[in-house]
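What follows is a pair of complexes built around chain A, which joins chain B in one and chain C in the other.
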Partner chain A sequence: MTIDANGMHYTPLNKMIRQAVASGVREIVIDNVLGQRFIANGLRSNVRITINGVPGGDLGMFMSGPECIVRGDSEHAPGNTMDNGTIVIHGSAGDAVAHSMRGGRVFVRGDIGYRGGIHMKEYDQKRPVLAVGGTTHAFLGEYMAGGIIIVLGIGHEVAVKDRGIGSGIHGGEIILRGDIEDRLLGVGARKVIFTEDDLNRLSPLITEFCERIEVDPSQFLDTNYTRIIPASSRPFAGKYTWE
Partner chain B sequence: MCGIIGVIDRTKARMDGSSIKKALSLMKERGSGEGAGYVAYGIYPDYPDCYAIHVFFDNLVEPKSKVDEVLQKWGRIVHQEEIPTYEQPCLKREHIPWRYFYRPYTEFIVGSNNPAEDIIKHLVMTVNSTIQGALIFSSGINLGVFKAAGWPEEVADFYRIEDYKGYIWLAHNRYPTNTPGWWGGAHPFNLLDWAVVHNGEITSYGTNRSYVESNGYKCTMSTDTEVVAYLFDLLGRRHGLPSEMIVEALAPQFWDEIDLLPEKEQKLKRTLRLTYGPALMNGPFAIVVATSKGIVGFTDRIKLRPLVVGENGSRLYISSEEAAIRVMDPEVKSIYMPRAGEPVVGRVVQ
Partner chain C sequence: MSLGSVPLKYKISIDRDQCMKCMRCVDNCSYGVYRIEDDKILIDSRRCTACHRCISMCPRDAISLKEKPVDYRSHPLWTAQAREDIINQARTGKIILAGMGNAMDYPIIFDRLVLDACQVTNPSIDPLREPMELRTYLGKKPAKLEFTKSDKGDIELKTELSPNLKLDTPLMIGHMSYGAISLNAQLSLAKAVAKTGTFMGTGEGGMHESLYPYQSNMIVQVASGRFGVDINYLERGAAIEIKIGQGAKPGIGGHLPGEKVCSDVSCTRMIPLGSDAISPAPHHDIYSIEDLAQLVRSLKEATEWKKPIFVKIAAVHNVAAIAAGIARSSADAVVIDGFRGGTGAAPKVFRDNVGIPIEAAIAAVDKKLNDQGIRNEVSVIASGGIRNSADLAKSIALGADAVYIGTASLIALGCRVCGNCYRGLCPWGIATQQPDLVNRIDTDVGSQHVANLIHAWTLELSELMGAAGINSIESLRGNRERLRGYMLDEGMLKVLNVDPVGA
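Now for the complex of A and B:
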């Protein structure tokens, strides 16, 4: 099924998507997307949605299951509180990508803005992934409570050069290509060595990500990464209460 | 949350208001229908040396005769008329927008480097703080603000902004949070050559307000953005700082970042921070400021509001959302996100 979204407001567009999914459609292509918000919000299905253009904010919010492929850039917060499924963005994305994400995958080929992966979380088998081919701005993984963030820094001297990486992190891990200056770490974040075990554990994910964004994975399958984790399991235990 | 967008054609080629109306309407959800506005530079070529003074009158009886009187005391009204407006079904007409084309008598005052501008500033402050039922919301040469309480499209149609042609346009869609939505509280805010659109909050408003008020400005529009216009006027027009330096004073680098710079730069940045401490703005903001010479966009230092930049030849776009730029200019060449606190400057080339 193909939808021409030229000049269309997001409400009728999302209604059309919902109706199509309810009637059993499993493949949707949306052309001429420009700024329409909330695409695929709360959708529970295994539908594949190809978005040609620049979707508006909160693409795939609360979504559980679908695959959204964006041929273009994306505005703020794709994957906001997403539960399951995959978003692949072949361009760049705005601020707060994968905001509060709780499951599934967000893959971005280009760069992302500020506060990527802010407050991602995990529970039991649910472990969300945010992978970025390019670079990110400041406060990556801010208040992160779980999940994995990977940044490859393709086309950049260093994967991340902005401050506040993992500021307030208390769960999950941030994997950055190459070394990262200590001064860029946020409060509560700790840098550890990326080991062979880490590589074995993560190489299927790195390979999958590279394949989805159409780059050769072999150049990224080594231990030249920095791993950033919480400084302790409860780094802010004494911040608001005193024992 | 508000939506902002600005565009400059650096060769001064003029654009009509239809495309910025489309761009602002695309960001409709960033507002709440309680305020939208536009400013354009280069729209009054027939009055190239007159201050275009736009006023909201509550009625055309007492407030208008008082404004006429004070204007005539200080200069000559070259032409005046009601700003043409066109009734919109959902937009309530709260004020009568009026414009004067005005030349102040500069020989009456001494001790000023720019008597005309000082007189206009004095008139704006006097009218807005003493004349009930009159508010000057635009006071520059060859530029004009058009704003009201409504949605972006309604306000654009109310003034038919596609009938105006300017080489710089700024537009704003308001989502009022701390102060009520009213015509005077809609953006852009203007004083003389400066116009400001702003998404966010200036939480340092109290400090900034005392600072500008101690320098002769009066805040009368019950909203924080007004103070940004006065800060730019004070630092830019009266102290003569270039726009990059003003941004550095209002949204300076953190001390630990300044420590890493070469000594000479450190010294400059320390001096700026110390001199302009009360001008430092805190809180979440993305701002675009215009003058007849160019535009500058910047955000707060930890980037709590969005800002995207696009370029296409002589045109520079600064916006809250990428899609708004693309709807104005489908051929836009490069799109990027500036870093927090980094000024993005587009200057007119002569």
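Now for the complex of A and C:
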């Protein structure tokens, strides 16, 4: 099914998507997307949605299951509080990508803005993934409580050169290509060596990501990464005294 | 060098002639004040929090409690509290954590406002004989109504109405999360609101599955930590509330310590067992009023525009302008939490010093929304220190559509406002996750107490309205003519838009 979103408001657009999904459609192509927010918000399905153009903010927020493929850039907070499913962005994305995401995958081929993966969390079998081909701005993985962030830094000298990486992190891990200067780490973040075991564990994910963003994975399957983890799972313990 | 110990906060004594050594005090005190040695009940008063559990359970009234049994040299500035806080911080170098609401002796504006009654010139109404309309709808109201006339001459409403919550009484129970309070406390509140035709908030800790039977009376909260938030949770709620701030600690986030994250709390919040649950100070997808509008609309879009969306803010200096911004964000109600609002834990310096009183905030918000012609765009819900039906009536006369109560509903479950909620040892089974303590609440009995309270306040509100010759809550709302200020200064009267007594 193909929808022409030219000049369309997001509410009728989402209504059309919901109706199509309810009637059993499992493949939707939306053409001429230009800033429509909230596409696939709260949608529960295994539908695949191809978005040609630039979706607006909160793409796939609260989404549980669908796959959204964006042929273009994406605005603020794709994958916000997402529960399950996949978002693949074949361009760059704005701030707060994968904000509070609790499950599923967000793959971005290009760069992302500030606060990527902020407050991502995990529970039980759900372990969200944010993978970025390019680079990110400051406060990557801030307050991170779970999940995995991977940044490959394709086309950049270093994967991340903005500060505040993992500030307040108390769960999960951030994997950055190459070495990262200590001064870029936020409060509560700790740098550890990326081991062969880590590589074995993460190779399938790195390979899958590369294939989805259409780059050759073989050049990324080595231990030239920095792994950033929480210094403590209780960053604010010890801050208070009782009255 | 030792700073030594500070004097006891409370001194417990037992009248040994009265005591029959039933051991109820020993069994009931979760703080360990009492112990048995050689068939004698020994007392460690230093552990006492004045929760009154032992006193309330003693069958012989043998226990007495005295506050501040040791005097300091009296001084108007260097109070015992000021001195002891300094000693505490000199020892630890840490932020002081405190429970319950603002403990400073600020004047209470509610107590300086008096209500009106009819005499001679207009008749009062007897609520026993006449119907009193307390039904309250929360949500957007249309600025005007448009109708169409069918060929047959039937009149039909053309204006599309926004979803509203229908309350049988303008009184709801505010957001206290599972984690901060126990499941039995939440269940008692939930059964009570279902019984009385009103609503309660889930707080930001998700919704435990045993609350699902009451979900149509629950408002689900989305806070900066997004704990327990998924599409199922949003769809369960009768309304959705975005928590921006809290009156007890405006401007800062929340932090549920890992030791309170037991397996049930962990599964409801959807976070790992024993990990800290940190709510950042801001929502990191809201850095502007435009971003707030985006989250409001995102929640509406996700739930297909079927649910009213509330936005809760702490009452701060510019509360009126902020509320006007919220009214333009597509939100359906703004919740204002005054500086006396309760909390399980807050830094004392915030609890006691940041924010403004709810009375002034309601009046300022109501005026600003009216001046801008957008009062119909949002309902105003007031909270933070509502103690009785008079505070409820005065809040509505100042311009609120409804109120949230928190502490009052917990007192109906046994809470004695001891303010030690953050220690997780609440002997009343409210602010704790210890199964033996939680089981002290029988949810059927607890819910009946809370329902009784709501019922009693509702009756009193109808009586107050009847006495003032008002038979509908709409006629009381924002009706400053029914209020007079007693010993309030001119500036305050102006903010409240209320005349002084005698005028």
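The criterion applied here is as follows: the second predicted complex is superposed on the first by the 239 of 243 C-alpha atoms of A that agree within 3 Å, B and C clash if a C-alpha of one lies under 4 Å from a C-alpha of the other, contacts with A are read in each partner's own complex, and residues count from 1 in each chain.
Simple rule for what comes next: a residue touches a chain if its C-beta (ideal position, glycine included) is under 8 Å from a C-beta of that chain, and two chains touch if they have at least 3 such contacts.
All values derive from a computational prediction rather than experimental measurement.
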Examine A:54 and indicate which partner it touches, taking first as chain B and second as chain C; both and neither are also allowed. first
Touching A:171 in the superposition: chain B (first), chain C (second), both, neither? second
For the three-chain arrangement built by superposition, which of chain B and chain C touches the greater number of chain A residues? C
So, does A:37 touch the first partner chain B, the second partner chain C, both, or neither? both
Contacts for A:76 in the overlay, against chain B (first) and chain C (second): which applies, first, second, both or neither? both
Touching A:162, do we find chain B (first), chain C (second), both, or neither? first
Looking at A:113 after the superposition, I want to know if it touches chain B, chain C, both of them or none. Which is it: first, second, both, neither? first
Check chain A for residues that touch chain B in one structure and chain C in the other, and list them. 37, 57, 76, 115
Parts of chain A lying in touch with chain C, wherever the complex brings them together: 10-11, 14, 18, 37-38, 41-42, 44, 57-58, 61-64, 76-77, 80-81, 83, 96, 99-100, 102, 115, 118-119, 121-124, 126, 142-143, 145-146, 168, 170-171, 233-243
For chain A, which residues count as touching chain B in their complex? 34-35, 37, 54, 56-57, 73, 75-76, 92, 94-95, 111, 113-115, 137-139, 162-164, 183
In the complex, the residues of chain C that touch chain A are 85, 88-89, 91-92, 94-99, 224-226, 229-231, 234-235, 255, 257-258, 266-267, 270-272, 274-276, 278, 280, 284-285, 291, 294-295, 297-298, 301-305, 347-348, 419, 422-423
Residue positions on chain B within touch of chain A in the complex are 26-27, 29, 256-257, 302-303, 306, 308, 321-324, 326-327, 335, 337, 339-340
